[in-house]
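Next come two complexes built around subunit A: one with subunit B, the other with subunit C.
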Partner chain A sequence: MTAGETIKIIARKEIKYLLREKTFFLLLAVFIIMAALSTFIGWSAQHTIRNVYDAATAELAANHQAIPAFPLAHVSSLAIIKNMIIYVVLIGSLVSIILGYFIGINDRISGTIKLIFSRQVSKTELLGGKIFAITYVLSIITLSALAISLISAGIFHVLSFANGLKILGFYALSFLYMLGFALLSLALAMKMKSSAGAILYSLFIWIIITFALPELSSALYPTSLLNPVLPPTDILNSPVLSYIHNFVWPFSISEHFKELSAAVLGVADLPGGQPSLYAYGFNISIIFFWNIFSFLAAFLFFRKIKPAQSDLYE
Partner chain B sequence: MAQKIIEIKNLTKDYGDFRAVDSISFVVEAGDVFGFLGHNGAGKTTTVNMLTTLIDPSSGTADIAGFDLLKHPFEIKKIIGYVPENVELYQTFSAYENLEYFARLSDIKNPEKIINDTLDFLGAGDYAGKEAGDLSKGMRQRIGIAQAILHNPKILFLDEPTSGLDPLGMKQLRELILRLNREKNITIFMNTHLLSEVSKICKTIGILSHGRLVYLDSLKNSLAKFKNQNSLEEIYLDIEKHDSRRDD
Partner chain C sequence: MNKTLIIAKKEFKDIKRSRIFAYVLLMLFALTIISLFVSELIFRDQVTQYNNSLAILKSMGKLPAAASPQLFPLNLLRGVVGYIEIIGAILGIFLGYISVFKERNTRAIKLLLTRPVKRSSIIYGKILGNFAFVFFAIASVALLILLTLPFIGGAGLTGIDFVKLGIFTVLSSLYILIFFTLSFILSIKQKSIVNALIISFAIWLVFVLIMPQIGDTMDPDNQVPGGFFMSMALSRPQEKKVMAHFNHYETIRGGVEQLSVTKHYERSIFALFGIKKDYNGQALNAILRDQWGNIAVVVLFLLIGVWADIIFFRRSQNLLNS
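And now, the complex of A and B:
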């Protein structure tokens, strides 16, 4: 039997196991529903602003006063789906953690590690099968969200070829961002001594990346958690805060993702001008590094599996 | 003369300063039902873990059907079956789905017929569609044995197979092990501390005490040699007592 065949058998089993986990489906449903709603929410917000603007201009016109330009005139048409950036950061990463956790831990919870390794299965093949399953499931999730976004962009008349490519780019980036969480969760599921420890450590890292690092690196940007685009206001006037920002920012993966996603979708409407290509190159490098780090963690932890002692009995 | 199927040569396993298995050497012949006896913590499971290639020995080696343990672990996996002390399966999978997975991992391309035949042989055909989480301990043991023999192994390693079973379950499992040995010509290597089991089904016994092999002979010879003792239990306790004195 070739390594490829073994990996395929393991991956098929992992997907079959996952399909029977209700918790995963619950979170997945939330993510998909939010993907479906995001465009409507974005459109609704813009529509409200438009109505208020129209009412205000009518009033101003009646009073023979100057009419200001529409405030969203320069905003990209894809701004209506920019909420998806936040949904990927908050919910997509969580779905990925649960995905990696279930695929990583099921053999240990079931107590079948010994049986697997009493067969002609190597540690690398077991890891390969699990990563294949994660990649496959995450691809389906991402493609589903992509399809929903494309359809809803079509419904709200903002779908052009160029915008389609931008949305595609955004979801490719989202896939990479979420894959890092799934791989890290997979690694921890194999490393930790208890299943609770595995999921709690994964959630701890999720909190650090999603909330703590952005707080520390952009502590100073009060709206950074809510706004996919960092306001480039010059408020880093304290040397200490500036130092903390400079130190933490390179590791703030979620901010790199938000910044790059906003650029890809064309919604990074920064008064200070667009960041340089170098800055975007740095963003994408960090996201790639995040995946390499997670993969290496999974690889190292799988190398250390003790076939006779790795089952969890809880 | 019977053919050697397992030849253990100075097999040793250390966990830090603790020596779990201490340079044991012996031979198991093809077609045998070998009972590996010993108190809890004697090193029986560690020995089976080494022979099934689940852990590496600290020193020494073994030949399993002509394959060296250290050099050809994957060849050995092809010709052995292994049933752990507690058979654990994927709870949300049916017995059949569990078996299908392990059959495919054993490179069985179209496992349907083999699985059904094996389940019928083990008298577990009615449980094929039941979720593993709903199976009784006895039935899980049978499914555990099924997964171990799907690929028609030459040797079956059983680690405390009757542990936790009721008397009826123990009797049925004993009969099953004997059938596997007689009808499928599988050599059985069975870890146990239940002397009643050994006296009913084993042809050869080895006694492990504190990691050392302290006794090895056929059951028939053993009963003749220790004719003053009324049962295997007395023989075992006598040997264990002797070994403990040596430790002191």
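And now, the complex of A and C:
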């Protein structure tokens, strides 16, 4: 049997196992439902703010006050989809963690690691099969969310060829972002001595990437992530914050993803003007490095597997 | 000694010995320090910007319209509250999971039930032991705040600030314990205990992150950096008058937020610490009077959780069959 065939068999087995995990589908359902709801929520908020503006101008006119221009006049039509950026950061990455966890841990919990390595299967082939399974499942999840966003964009009359391409670009980026989490979770699921530890350490990394690093690099409070518009923090005015920003910013993967996604969808708030191509190049490089780092972690942890000691007896 | 207390003591000791919980605590401590430090830098930056603007205005012979930024030390805890909301809830989920997992894994529960110990004593002991640990963890965070705030924030705390930190410790412990009861009940009910952990996370995701996010997204004032009403130069009474036309929409938005226990916890603590500016300088009695509804919801969620834990633990066969 060739290595390619072995990898395919392992991937098929992993996917079959995953299909039995109802809890994975529970989290996946949350992601898919939010993908479907996000456009409606975005549309509802935009529609209401227009009406609030009309009511506000009537109030200002009645009091003979100056009437400012509609503050969202310049906003792109795809702004109704921008909630998906937050949902990928919050839910998509967690779904990926659980995906990597299940695919990494199932052999260990069922006690079949020894059995697998008693056959002519190398560590690289096992890893290859698991990564193939993760990539395949994640592609289907991403494509489903893409289809939902395209349909909902069509329903709210914002779907053009250009906008379709922008949504496609955003989901390509989302796939890369989520893949990093799935690979890292796979690595930890193979490494940790308990199943709870594997999930907990993956969550630690998720918390650091999603909440702690943005606070350090851009002075954003943890719950600021939940807001559709980030608070104005002109951090470069403060020398100390600016210094910390320069140091932490390259590692703040979620911010790179959010910045690049907003640019791809054309919904970025750009008070400081349009970022350079270099800035976008840096964003995408970081997301690629994130994947390379996660892949290397999975590769190194797999190399260290001791078949006789890897099974978990929980 | 009372059997409930013996079980509570054992539960507390078990948790203290666990490396996982040591890491969670360390993470909370580290994030608390980081958050205080960043908040202080933001405040200092605001003061610098104000002074620069003041100098420019003075050189033009004008007077500033806005008052100088005033430091309320507890305002610097906004990030810490955010971390308690997120990591605290995760801590609660893991405590509930581990509490059942160790009994099922070591089969100690079967041995325990051969002794003259009632199931009610076991569940009360477990809840008490976990509450003691959570209280210890949050009290440590509060102590860390007390020790570092004068150095980082450069401002002394008053007696009332100590009382507020005490209320924060109790309310945060109750909030975290809600997630303990959720995870505990699922760990009892589910045949595969890891599934219980993942279902708890799905519920946590919906109630702690998604519902508040939907509420924030639907808030018209959140659509513009700095606030929509500020950008329209509307006064507070004018804002209320305008929003009176959108009662139906606001009811739905408020309803989504009301479903999240996290939002109730956040509102009460934000009011207590004056992070919501309207409460700065208000007497503690007035704040508590205004926030009793939010505090009551947190307590109610916990009581429902404890009640459900007791009922299901008494009836559960999964523990014995594991």
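Convention: the second predicted complex is superposed on the first by the 283 of 314 C-alpha atoms of A that agree within 3 Å, B and C clash if a C-alpha of one lies under 4 Å from a C-alpha of the other, contacts with A are read in each partner's own complex, and residues count from 1 in each chain.
Quick note on the criterion: a contact is a pair of C-beta atoms (placed from the backbone, for glycine too) under 8 Å apart; a residue touches a chain by one contact, two chains touch by 3 or more.
In this text the structure is predicted, and so the values were computed from the model without any measurement.
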Contacts of A:56 with subunit B and subunit C, given as first, second, both or neither: second
First (subunit B), second (subunit C), both or neither touched by A:304: neither
Which of subunit B and subunit C A:27 touches, first, second, both or neither: second
Contacts of A:114 with subunit B and subunit C, given as first, second, both or neither: first
Partner chain in contact with A:193 - subunit B first, subunit C second, else both or neither: neither
When both partners are placed on the shared chain, which of subunit B and subunit C touches more of subunit A: C
Touched partner set for A:42, first subunit B, second subunit C, both or neither: second
First (subunit B), second (subunit C), both or neither touched by A:106: first
Subunit B to subunit A touching residues, read off their complex: 49, 52-55, 74, 77-78, 80-82, 84, 86, 88-93, 97, 101-102, 104-107, 147-148
Residue ranges of subunit A in contact with subunit B within the complex: 1, 6, 9-10, 13, 16-17, 20, 106, 110-112, 114-121, 306-308, 311
Contacting residues of subunit A [partner subunit C, same complex]: 21-24, 26-27, 30, 34, 41-42, 44-46, 48-49, 51-53, 55-56, 59-60, 63, 65-66, 68, 71-72, 83, 86, 90-91, 94, 98, 109, 195-197, 199-200, 203-204, 207, 211-212, 215-216, 219, 221-223, 226-235, 237-238, 240-241, 269, 271, 314
Touch list for subunit C against partner subunit A, complex: 20, 23-24, 27, 31, 34-35, 38, 41-42, 44-45, 48-49, 78-79, 82-83, 85-87, 90, 94, 97-98, 101, 105, 194-195, 197-199, 201-202, 205-206, 209-210, 212-214, 216-218, 220, 222-226, 228-229, 231-234, 238, 241-243, 245-246, 249, 266
